[in-house]
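First the structure, which I've put down as structure tokens, then a few questions once you've had a look.
The letters A, B and C name the chains in turn, as written, and every chain counts its residues from 1.
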Amino acid sequence: MHLFRWTRGKGRGTSTDTLGESLFQWFSTLIALGVVGVLVLIAIVLFFEAEASIRAFGWSFLGGTVWNPQPPLLFGAFPFVYGTLVTSALALLFGVPISLGIAIFLSELAPPWIRIPLTYVVELLAAVPSVVYGLWGIFVLAPVMRTAIEPFLQGTLGFLPIFQGTPIGLDKLSAGVILAIMIIPTISSVSREAFLAVPDSQREAALSLGATRWETTRLAVLRYARAGIFGAVILGLGRAVGETMAVTMTIGNKNVISVSLFDQGQTIASWIANNFTEAETPLELSAFIELGLVLMLMSLIINIFARLMVARVLRRGEGAA
Amino acid sequence: MAIKLSVESLSAWYGEKLAIQDITMDIEDRMVTAVIGPSGCGKSTLIRCLNRMHETIPKARVEGKVLLQGEDVYASSPVSVRRRIGMVFQKANPFPTMSIYDNVAAGLRLNGVRNRDELDKAVLGSLKQAALWDEVKDSLDESGASLSGGQQQRLCIARALAVKPEVLLMDEPCSALDPIATAKIEDLIFDLKKDFTLVVVTHNMQQAARVSETTAFMYLGKLIEVNNTRELFERPREALTESYITGRFG
Amino acid sequence: MKLPLDRDTWRHWIDVAMGVAAFVCVVIAIIPLGSILLEACIRGLQSLSPALLTSTTGAGGIVNSIQGTLILILLSALVSLPVGILTGIYLAEFGKNRLGAGVRFFVEVMTQVPSMVVGIFVYSLVFELGLIGLGSPRLVFSTISGVLALSTIMVPFVARTSEEALRLVPIAVRESSLALGIPRYRTILRVVVPSASSALVTGGLLGIARVAGETAPLLVTAFGNNDWFRGLDQPIESLPHTIYVWATGPYVAQNQAAWGVSLVLVVMMLGLSIVSRVVIRLRSVSR
């Protein structure tokens, strides 16, 4: 065993050893700090670039609805913030129940032999690149939405403003659906971990009272794990907010604010993806970067909040939120 | 002596492993039956078969009969069985996200009781029966996990009693508790047997001698001897029983 | 306590219904996956041809995209794997204090930075550095720029998987080495890291597979190129970028061909995943 070669050949506790000791530790610490430094650098660079736009528009940037690259130069983020919020909300609306259903199935109901393969399959959803989801969205999902689902929604619930207007297929609804699919692996896997952390004694307590399997899940598991579930949902939201390609390819890319889900729209990420390289003036470029900064701050706040929640649950061990 | 629960040739497996073998015994109404034996003898498995908790383990299997007042427990739904045969576990397991009140009311709510007055009455009654009312009556909204170990166990007893079972199974209810809390629970057992049939699994022979009228001794999955408690401890019929109670093993 | 049979039956059926609902959720999630794989195979295989795989995007093929992706991920791996693994070593071996906790937290945060934001960050950085003389502003659309962007995404990911891999090594292994008088740094480098090597490799390969599919940051860094690789300072094509351009373009033949490109990309990523599994198996067999 080569371990012995090391102890026999070289002297122990020599000065080269102690030098190597501290050198290695310092080196790896430096690298690690460097990595964190890149994060700081990101913030610095973005703020630096966005400064012109921040100075020019101040807080009204967030509420501004116009993006005018010609003089008079006026840039506002609201349509994109709106699009991001709507598509993310849709993603959560569709994604959370399905993710929880999956997590419940895999942790409470599924026979042991099917658990691992099914878990793997659900995780495969996370391995598909965003651009392939976009491709599928354009050519498979959007036609189905346009010809079947959206007319159906309009037929039954058309009195609601969100289901009015001509179904296009490449619209906010489709983007929301694709986002929902993309965040399912995140929410379901974190929720599943939260469920697995629920002690069996809790389930036994419910069962011994005469609870059915679903009632046991409801009483003992879901309640106990609710902070973890909440953290999972927020993590999913964080992913949805930052998602770019699949959304860009399915949301229709029109800078409009409209209530109808059948209308096109734009998210922060998709707007940047589509138009960043077409920026005509330095101020416009600065505005794009300010947009990016807004997106990053949104994503950061959401994710930090989520991690704190999940960490709190794991640390406490018990479910009292 | 009315027989409440009757066990006939009961055997149970965890997968391939035989845990209890061919157990036949009767449990009498409104009395305390203790089940004693060294670790691994199958006493927990036995009582878990009585309220069909054993089958919640994957690959668990049961053969034989358990009759609750003549009705085959394995022919009804587990939900209805567990309503009639309640259980208290070794380590108290109150629901930490629920208040004391909600913990006790949990079983009732499952059974559809919604009326606030009815719930209030039942919670009050159960907490009194579990000798916990005085200690928690002003803090019913506090989390179930905020109590001490002994109080939590009594809370679990109250929770189990709230659905008015006929039988209460207790799986080493005091093993995680200090002597004072243990004494309180033993007193409780004395009071409870007026209204309920109790089966108490314990590894503490003195406890069995103190609280029960009938004692069953198990060893390596088999029922070695079951008898009136005094008889079993003073004049054990089997040599194995005698070895155990004189501390020669286990 | 005797109850009306109705309530119990009702509870039973709700239990069954919920079980079915949970199962349906699983099915709902698998449908898109199945559909994507199906469409990629059917439509993709139709459009795959030797011509596609040997000509450049300028001539309707993808050979430069494949080349571009390979160059980008290999260079990114070259940069990111050492940095990421070293950071992982720091976190696992020296990171038990407050500083380590802080680093861990921020590395975690970094994995969540939207990839589009990483793209415009690298763009800005390269641009400004170019203005002050380090490189040139032209470099914003170049291979180097793309590698920087992909590395920024890959490093935190690899750091996290590496830390997990090293944590899995039992303390006993470290202790027995230290007890023999082997200094800590050699213990880490010669004992701990090798014993975690298969997990480290897996983490690295997963990181590579992940950035192989990244598109958004490349839109504003690597940009795209209809020709073979022209140089580190030139724009470079990539498979995801080709998919994006062809999928959103006006030509139906191109749209169809995008599926073929997706198939190639997915196969490549699958290949990486399989390689990582083979490595694990080989490693565990040789023990």
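By definition in this document, a contact is a pair of C-beta atoms (placed from the backbone, for glycine too) under 8 Å apart; a residue touches a chain by one contact, two chains touch by 3 or more.
No experiment lies behind these values; they were computed from the predicted model shown.
Steps from subunit A to subunit B, minimised over paths through touching chains, total 1. Distance from per-chain Cα centroids to the pooled protein Cα centroid is smallest for A. Here A-C and B-C were compared by C-beta pairs in contact; the pair with more is A-C.
Centroids of subunit A and subunit B (each the mean of its C-alpha atoms) stand 48 Å apart. For the pair subunit A and subunit C, the distance between C-alpha centroids works out to 16 Å.
In whole angstrom, the spacing between the mean C-alpha positions of subunit B and subunit C is 54. Multi-chain contact residues of subunit B, defined as those touching 2 or more other chains: 79-80, 83, 110-111, 163. Residue numbers of subunit A whose C-beta contacts span two or more other chains: 212, 215. Touching two or more other chains at once are residues 11-12 of subunit C. Taken in their complex, subunit C has these residues touching subunit B: 1, 3, 7-8, 11-12. Across the complex, subunit C is touched by residues 77, 79-80, 83-84, 110-112, 163-165 of subunit B.
Note for the complex: subunit A touches subunit C at residues 2-3, 6-7, 12-13, 17-18, 20-21, 23-25, 27-29, 31-36, 38-39, 41-42, 45-46, 48-49, 97-102, 104-106, 109, 118, 121-122, 124-125, 127-136, 138-141, 181, 184, 188, 212-215, 217, 238-239, 241-245, 249, 269, 272-273, 276-277, 288-289, 292-293, 295-296, 299-300, 303-304, 307.
The residues of subunit A lying in touch with subunit B in their complex are 111-112, 199, 201-212, 215, 219-220, 223-224, 226, 318-321.
Across the interface of their complex, subunit A is touched by residues 11-12, 14-15, 18-19, 21-26, 28-30, 32-33, 35-36, 39-40, 83, 86-87, 89-91, 93-95, 99, 102-103, 105-110, 112-118, 120-121, 123-125, 128, 152, 155-156, 159, 177, 180-186, 188-191, 209, 212-216, 219-220, 223, 240, 243-244, 247-248, 255, 258-259, 262, 265-266, 269, 273 of subunit C.
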